[in-house]
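Labels for the chains are A, B, C and D, by order of writing; each one numbers its residues from 1.
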Amino acid sequence: MSAATRSRPAAAPPVTAGRWDDARFEAERARVLAGWRTGAEVDLAEAAALHKRRPALANVPRKRAWGRETGTVLIQPYGGVTTLAGHTELVRHLAEVGEADIVPTTVDSQTRNLKYASAEEALRASERQGKELLNGFPIVNHGVRGARQVVEAVEVPVELRIGTVVPQLACEIAFAAGMSSVTAGPIYYTAHYSRDTGFAETIANWQYVFRLIGRYAELGVPIGLQIHGIGTSTPFPNTLLGAAAVLETLIAAAQGARSFAVDARLMGNLAQDIAGVRAIREIVEEYVVRRFGYADAAITIDRKSWGGKYPEDTARAFGIVCYNAVSGVLAGADEFIANSVQEGVGIPLKEANADTLKAIRQVVGVMRGQRAALAGEEVETEVEHMKAEMRAILDAALDLGQGDPALATVRGFQAGLLDIPFAASRHCRGEVMVARDAAGAVRYLDPGRVPVPAAVLARHRACLERRAAARGRPIDYQTIVDDIFSISRGFLVRD
Amino acid sequence: MSAATRSRPAAAPPVTAGRWDDARFEAERARVLAGWRTGAEVDLAEAAALHKRRPALANVPRKRAWGRETGTVLIQPYGGVTTLAGHTELVRHLAEVGEADIVPTTVDSQTRNLKYASAEEALRASERQGKELLNGFPIVNHGVRGARQVVEAVEVPVELRIGTVVPQLACEIAFAAGMSSVTAGPIYYTAHYSRDTGFAETIANWQYVFRLIGRYAELGVPIGLQIHGIGTSTPFPNTLLGAAAVLETLIAAAQGARSFAVDARLMGNLAQDIAGVRAIREIVEEYVVRRFGYADAAITIDRKSWGGKYPEDTARAFGIVCYNAVSGVLAGADEFIANSVQEGVGIPLKEANADTLKAIRQVVGVMRGQRAALAGEEVETEVEHMKAEMRAILDAALDLGQGDPALATVRGFQAGLLDIPFAASRHCRGEVMVARDAAGAVRYLDPGRVPVPAAVLARHRACLERRAAARGRPIDYQTIVDDIFSISRGFLVRD
Amino acid sequence: MSTPAPSASKGTVVTGVIGDDVHVIGIRIMEYALRRSGFAVVSLGPLASQKEFVEAAIETAADALFVSSLNGHAELHLPGLRGACVEAGIGDILIYAGGQLTIRQPEWSGVERRFTQGMGLDRVYPPGTSPDVPIRDLAADIAARRRRAGAAAEASE
Amino acid sequence: MSTPAPSASKGTVVTGVIGDDVHVIGIRIMEYALRRSGFAVVSLGPLASQKEFVEAAIETAADALFVSSLNGHAELHLPGLRGACVEAGIGDILIYAGGQLTIRQPEWSGVERRFTQGMGLDRVYPPGTSPDVPIRDLAADIAARRRRAGAAAEASE
């Protein structure tokens, strides 16, 4: 190391959504692939050839495009276990018995935190004891060769599911193994999967992945992203998710990614949840396609089920799962990401996981063609208000970020324009407070510094006041806690 | 027997809804109670006293009234097994684990056909072998003393469920045992539970039960009816159900019954199913309360789940059950009559039956207060058309029957103004043919002689033509068959 | 009772739902499929007794009885049917049963054995049977019998 | 890290989610309930290491550690915590754990034994525990210790 380099410590590159140049990417890549012995198995050209040999619909972006064209609602479960045998068996069961359209490979949390050595230990112990000791599939330890066996075990495409601020090596291995999509991105994972890491750092780490996807695209291999925005696991307005999703999508698109499945989360009030899917779709298209000009971006909306606490009772969980399916179909969602009916119990057995898919499939089947059947003023008002709110947040944040979505993200969170309750990260202010109104719709109790338009906020406040009046008690912190547990107890509101 | 009586064979009494006089009732009663040895256990005054000792909400009509007042949706499963021990255990499980609001006592089909001796044999064999050999609870064989143990096993009220054209003795025993409601009535049970018995005969048999209910009412004990109209187990228009339900309700009210829970059946198209509940409620109230002046009639609408073939797969059945729950809540149904998730398998295990209730409870809980959330033009049009159609059928039938609902029933079916496909009875013409449109809504392929208003029929035909055009094949008998199986295969229409 | 078709048909089948059972939808679909395949159908409908089956079979010189049962009481109503046919002199008529022959669904091979070997039925079908399967079997069974009858006739000539 | 409340409090608790776990909602609700019941809370948040727990406990003279774990990795991250406390000279600090301590849900009594007798924790709670239960236990445990400490002090006077 030269004296010059030593004396001038490599300044953190400025926060920008600008496309990485090749030098930066290659330098970073060498470092990433050296992170664990299996990094050496990665060979981009060979991987691209592998992807091309697979059937067209074994690719996630193509499968999603096909679903959207044919009006086929896709269904994807969660799932990942420790051993290669166990995980292969799991994805095969989900594909064959559960008829999953896309199968998951959920990664364990040691891997998410780069603890490859401890993951290795737990993996060996699992193999010895015939037990699955990790909470997911340690893909880096299994390496390209292991992960390929997973991909080749099924005819359907595989999506890597990994909540982390350091996704680089896992994505390298996954894509090289033939997996063709990954859950993302920097905002969600900073907020919920780390405590100290800043947005700028996570953005850079994920930009690496997005650029890698860009590389694959240049080689003719589409790789998809499932964009989380800033969903959270307690009641919250889907507008916050939508605004953050636009920023994540823009950051990814700048590096060359083009296939985006954007989340919209079930909160429980049907009208609001239908509006959520519609409003998020319209805003993402408005900003990504029209304002920022990514005319070739493929955008689908997936309906995630309730992401908070579930009942331990499997039968009751079927109720949630199917209710979610109805709301998703009515909203015109393109895909379901399906928590299993054992969500409240623990890592699901493969049978319960497949059963969940069958129940959803039944609902989706029965409702095919009924999308437009129901609407109403309440939905329309909600859509309009949600869009107005997302625009207000995005425009304020982009303003602060001088039009750069990466900078807008960092500064937006600093300023509290973007915020979320109950985040793990200390970089979220957590000033936003949310409660349900009498019909269970999610409303701002306190918007913190989020620039919610006055008319929207007035409606939210009025809704909450009606609930307070009806039950004769103010909405307070205990209400927030009650609203976190309510779905797992069998209702949205019970005053 | 005097020569006079012998020479003039007792002419069948004229068909009329008129209230039975006491002499007729008492004479008939002696005959009924002599039908099996347990008839001797019945004592009206003592039974009335027993009913009055029970808590108020252990009475079905009061429970239904309470549900309607408090906006609490009630849930009732199906269920009945052979032995007293087995059935008591079943209702207890349904009440305690399944939290059923009303528990059922479904009667076996030997009893429904007055085969008490064979039922007795099967009952004894069941007790010996520790198996449940009948398809329901042989209540006449268990007698008042046995049935009382069932009633006293739970805090919730018990409804007798018995599809039969000869309900008299079973109802005597049930009411004397403290059960406070029975499924009815003459139209449904003639059409689907007998082959040769005419409407006039069944009406008389059920009038006996309705008069018995009138007697209990005079003693201060309300006993309820669940009115089936003429629902059937293949796709059919709920308007036919609604028109027949009005007639059944009027026939029952004339003898003194006052608590009516009227069915509306899931067919699968959400807009149409929501409209069905609303339209049936409005028409029943219009005719029973306003036109016929039963101002004190209590009317609730229960949403029956899909009544046709179910999938054998329990997970998929959860999908149907929960979808039904969503549609019922959106429609504002007061009660769910819940086929279990093992409907497609066989008589359900009590655990699966209770699980079904829990799933429904979860959906109902989450949707509480969301009733009015969704509507739309499609629903409104459907409601208006359904009401117009029911009025047309009812007015034509009542015309033929000179304003008497009993006579209207008999003549209406003769003339084919009232009709249904796939009936068991040869007294249904079966000229009506029904198919689903592209969105799964049920439409007349051929109305037979049912006086469907021209505008309604034109809309139905247009809908079917759109389906035919879309798939490039006409709607034929094979389509009707496909539509019978479709829900059990996971969809409403798949062309 | 619908009139049997001309004898040009592939065979005549008496259909019905036995005993105290009213589940008529399945057998109606079966009847439709039988007719479409060229069989003559004599339909008894629901709640049909053994006696009605036997009498209709004699009256129409039927080749087969199609007995449906769904309500779980098949084991109460089917035993004795073969014997009644034998007594009435049509002991070798084909008897098929289908629907849902038991309460719940015990292992099928055991059920099948109980109804064929145990009660002398020729064939029984599990729930969800599509009409083509029994129709194919029936055509084959009738053809085999006619061949055998033909052979017997020739032999005796 | 929030500052501990004045010593007038019922006791001081260090809270956090251990190891590679980010499930923070439950412990936040726990913290809120602890504060409302008069305890001082020192909150480490998610992804907290054993070292952070021990250092915070020493720094604030805490009475108890409330260790949360939901993601199924408690058995990877909890062993050794009691030892680390002993080594740091706070061996008798109360250690409670809660959340979802295992992958799936094996029989609870076995889990409880593994974490208490096996790893030296004082109390562990199954999923779905309402905050009042551990808070009641904590008040009792602290009171008992203070009584014992008082008695010991008196005895040594």
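One rule holds for everything that comes next: a contact is a pair of C-beta atoms (placed from the backbone, for glycine too) under 8 Å apart; a residue touches a chain by one contact, two chains touch by 3 or more.
For clarity, every value in this text was computed on a predicted model and none was experimentally measured.
Trainee: In how few steps can one go from chain C to chain D if every step must land on a touching chain?
Mentor: When the steps are counted carefully, the minimum from chain C to chain D is 3.
Trainee: Between chain A and chain C, what is the separation of their C-alpha centroids in Å?
Mentor: 58
Trainee: Just curious, how far off is chain D from chain A if you go by their C-alpha centres, in Å?
Mentor: Centre separation, chain A to chain D: 32 Å.
Trainee: Take each protein chain as a node, join two nodes whenever their chains touch, and name the resulting shape: line, ring, star, complete or other.
Mentor: Looks like a simple chain-to-chain line, open at both ends.
Trainee: Determine which chains touch and list them pairwise.
Mentor: A-B, A-D, B-C
Trainee: Where on chain B is chain A touching in the complex?
Mentor: 268-271, 274, 311, 313-323, 325-326, 330, 354-356, 358-363, 365-370, 373-376, 378-379, 438-440, 487, 490-494
Trainee: Going by the contact rule set out above, which residues of chain B touch chain C in the complex?
Mentor: The contact residues of chain B facing chain C are 109-110, 112-113, 115, 118, 122, 132-135, 163, 192-195, 233-234, 308-309, 312, 344-347, 422-424, 426, 477, 481, 484.
Trainee: Can you list the chain D residues touching chain A in their complex?
Mentor: Those residues of chain D that touch chain A are 20-22, 24-25, 28-29, 32, 45-47, 71-73, 75-76, 100, 102-105, 127-128.
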